[in-house]
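Take a look at the structures listed below.
One chain, subunit A, links the two complexes that follow: it is found with subunit B in the first and with subunit C in the second.
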Partner chain A sequence: MSKTTEKTYKRSHEPVFWGLFGAGGMLTAFLTPVMILITGLLIPLGIIDQHYFSYEKIHGFATTWYGSVIVLVLVALPFWHTLHRIFHALHDIGINRGRDWQQVICYGFAFAVSVFVFTLLLQMLTAPSLFGF
Partner chain B sequence: MSELTIEIDVLRYRPEMDNEPFTQTFEVPYTAEMSILEALQYIKDHLDSTVSFRWSCRMAICGSCGLMVNSVPKLGCKAFLRDYYPQKISLEPLANFPIERDLVVVMDDFIKKLEEIKPYIIPEKEKCLSEGTYQQTPEQMAKFKQFSMCINCGLCYAACPQYALDNKFTGPAALALLARYNRDSRDNGEAERMKIVNQEEGVWGCTFVGYCSVVCPKDVDPAAAIQLLKVESSKDYLIGMFKPD
Partner chain C sequence: MSKRKPYIRELPRDWWMKQLFYTKYMIREGSSVLITLYSLILAWGVFRLSQGETAFNGWLEALQNPFAIILHLLMLILALYHTITWFSLAPKAVDLWIKGKKLDDKVIVAAHYGAFAVLTIFCLLIITL
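This part shows the complex of A and B:
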């Protein structure tokens, strides 16, 4: 028979990671194919003129405030998505030793990449422009 | 009447005499309208009366005849020989449950999980009979009706890889049932049940494989119920950050 004493419930912090996973998944699903199409096919085939994606153009974009936010989001969120998926896949294929460490390494890596990209963009934003824009 | 036959492998296990399960093959007369359950009844009546399996309604209502047909969770009364003929059919007890005997499994853990999610209406305040009935609009009913169609057959648990890995996971049918009560306008027990939902063993044990919804014979779509609950749990998490209880 079921016990009458009320169980203690422990709240999971999964919503945080699931939120990042979901947002990253949306980007990965919708934007990655477009980016691959443009950079992997349309530009090499000459359908889009490559000067639109020249170093100067992209650098110029990444050093505007909105451009840097877009780049950060486009890099960081898919990372959170991927590492979350890898973390759960480890459990799915039966690697159950050191789940805590797996978690620290997986999400820690995503966090480190996010911080790295953030710092890099910030540095580019604040550095004196090379091209005189 | 018919000359056609079909071969059926049945996984046998009688704990008092078998050390481990083994396969026994039967040859059963084939007709297109014969269900797997009828084939088992033919075996029990004419070939080997010691074969054990569960059944009752023969019409996909009672939920007792679940088993693995060629490794896919099915209701014996809703799966037909014609969909497999002339290939051999293999019948095994529902996956992810301990075998009690032959095709009968121990469902205690499943029943316990259904009980644990408080599967009853918890009203805001007790209403006296003289105050009349609860009123509900079709819209209010549509919010939960699908999730109330479960027949507790356990096929979704046999399908769930997360339950297979760790049976602490509350699982598809129990979470769908939980959603059914949380989404009912007559119910006021959401806060109590969200504690169950918010745990690792609650909705967060699910990685949205979705096979539970594929095998469900009543189109309950437990995977959808769980995803809706994940959204609710995330909202609850945000609220919890500002207003810890």
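This part shows the complex of A and C:
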């Protein structure tokens, strides 16, 4: 007589966040250095002339459907990588109180900024005359 | 109520400063903080972009501040450090087998650096179009 003990497994939500962490890490590794170089150093220092990063050009790009998707990915995806790391680093430096809440705050922050950027881009895409002139 | 007194190993706050391996690990983790800051600056830029030309130019001007330049330089160094650590871990993730032979780790790492160089040059070219 065999009696099988059935164990119910709770599905973890970790793969979703880990996937975003990995994708964000890839993007950060390949593109963040050149992005910092362009927006933080070459343009402000005038090594690349500022008209290459003018309002018309960037706004024009961000208000195409593909441009808005690219901007969203470039701006929002790294948060899912870095906040995942910050969440785990909090444990490493010995802040162990309220891990559940730490997780909610960390991923919540990444989510909030993503929604913020998404909303702005959608607004520019659908009603370009709302804030422009 | 349990009367047991479990032994909790003490962990000094500076455990990661006593050995280079751990220090490097924490620098890698710490790079996340500055990359978060950079992404926030970009997100703020999108916000200013949505507000019109004057607002966007104000954002561009703020980036010319010497403090902003130094900050971006620091962020660039840490971002590059992240890139190096990410690529050195790449063989663990890729694990390619060709004709029953495992692809050499060095090949995988070199391919990543090659792609990184191509992408960087591509981005610099595309921005000046």
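We adopt the following convention: the second predicted complex is superposed on the first by the 112 of 133 C-alpha atoms of A that agree within 3 Å, B and C clash if a C-alpha of one lies under 4 Å from a C-alpha of the other, contacts with A are read in each partner's own complex, and residues count from 1 in each chain.
In this text, a contact is a pair of C-beta atoms (placed from the backbone, for glycine too) under 8 Å apart; a residue touches a chain by one contact, two chains touch by 3 or more.
What you see is a predicted model; the values in this text were computed from it and never measured.
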Item to check | Which of subunit B and subunit C A:K10 touches, first, second, both or neither | outcome: first
Checklist entry - Of the two partner chains, subunit B (first) and subunit C (second), which one does A:G94 touch, if any: first, second, both, or neither? => result both
Checklist entry - For subunit A, which side has the bigger count of touched residues, subunit B or subunit C? => result C
Next on the checklist: On the A-aligned overlay, A:G19 touches which partner chain: subunit B = first, subunit C = second, or both, or neither?
Outcome noted: first
Item to check | Contacts of A:L74 with subunit B and subunit C, given as first, second, both or neither | outcome: second
Item to check | Footprint overlap on subunit A, where subunit B in one structure and subunit C in the other make contact | outcome: 88, 92, 94
Checklist outcome for this item: Touching subunit A in the complex, subunit B uses residues 112, 115-116, 161, 165, 195-196, 198-200, 202, 204, 207, 230, 233-234, 237-238, 240
Checklist outcome for this item: Residue positions on subunit A within touch of subunit C in the complex are 25-26, 28-41, 43-45, 48, 50, 52-53, 55-56, 58-59, 62, 71, 74-76, 78-79, 81-83, 85-86, 88-89, 92-94, 113, 116-117, 120-121, 123-124, 131-133
Item to check | Contact set on subunit C toward subunit A in their complex | outcome: 11, 13, 16, 26, 29-30, 32-33, 35-36, 38-43, 45-47, 49-53, 56-57, 60, 63-64, 68-69, 71-73, 75-76, 79-80, 82-83, 86-87, 115-116, 119-120, 123-124, 127-128
Next on the checklist: Touching residues of subunit A toward subunit B in the complex: what are they?
Outcome noted: 2, 7, 9-16, 18-19, 88, 91-92, 94
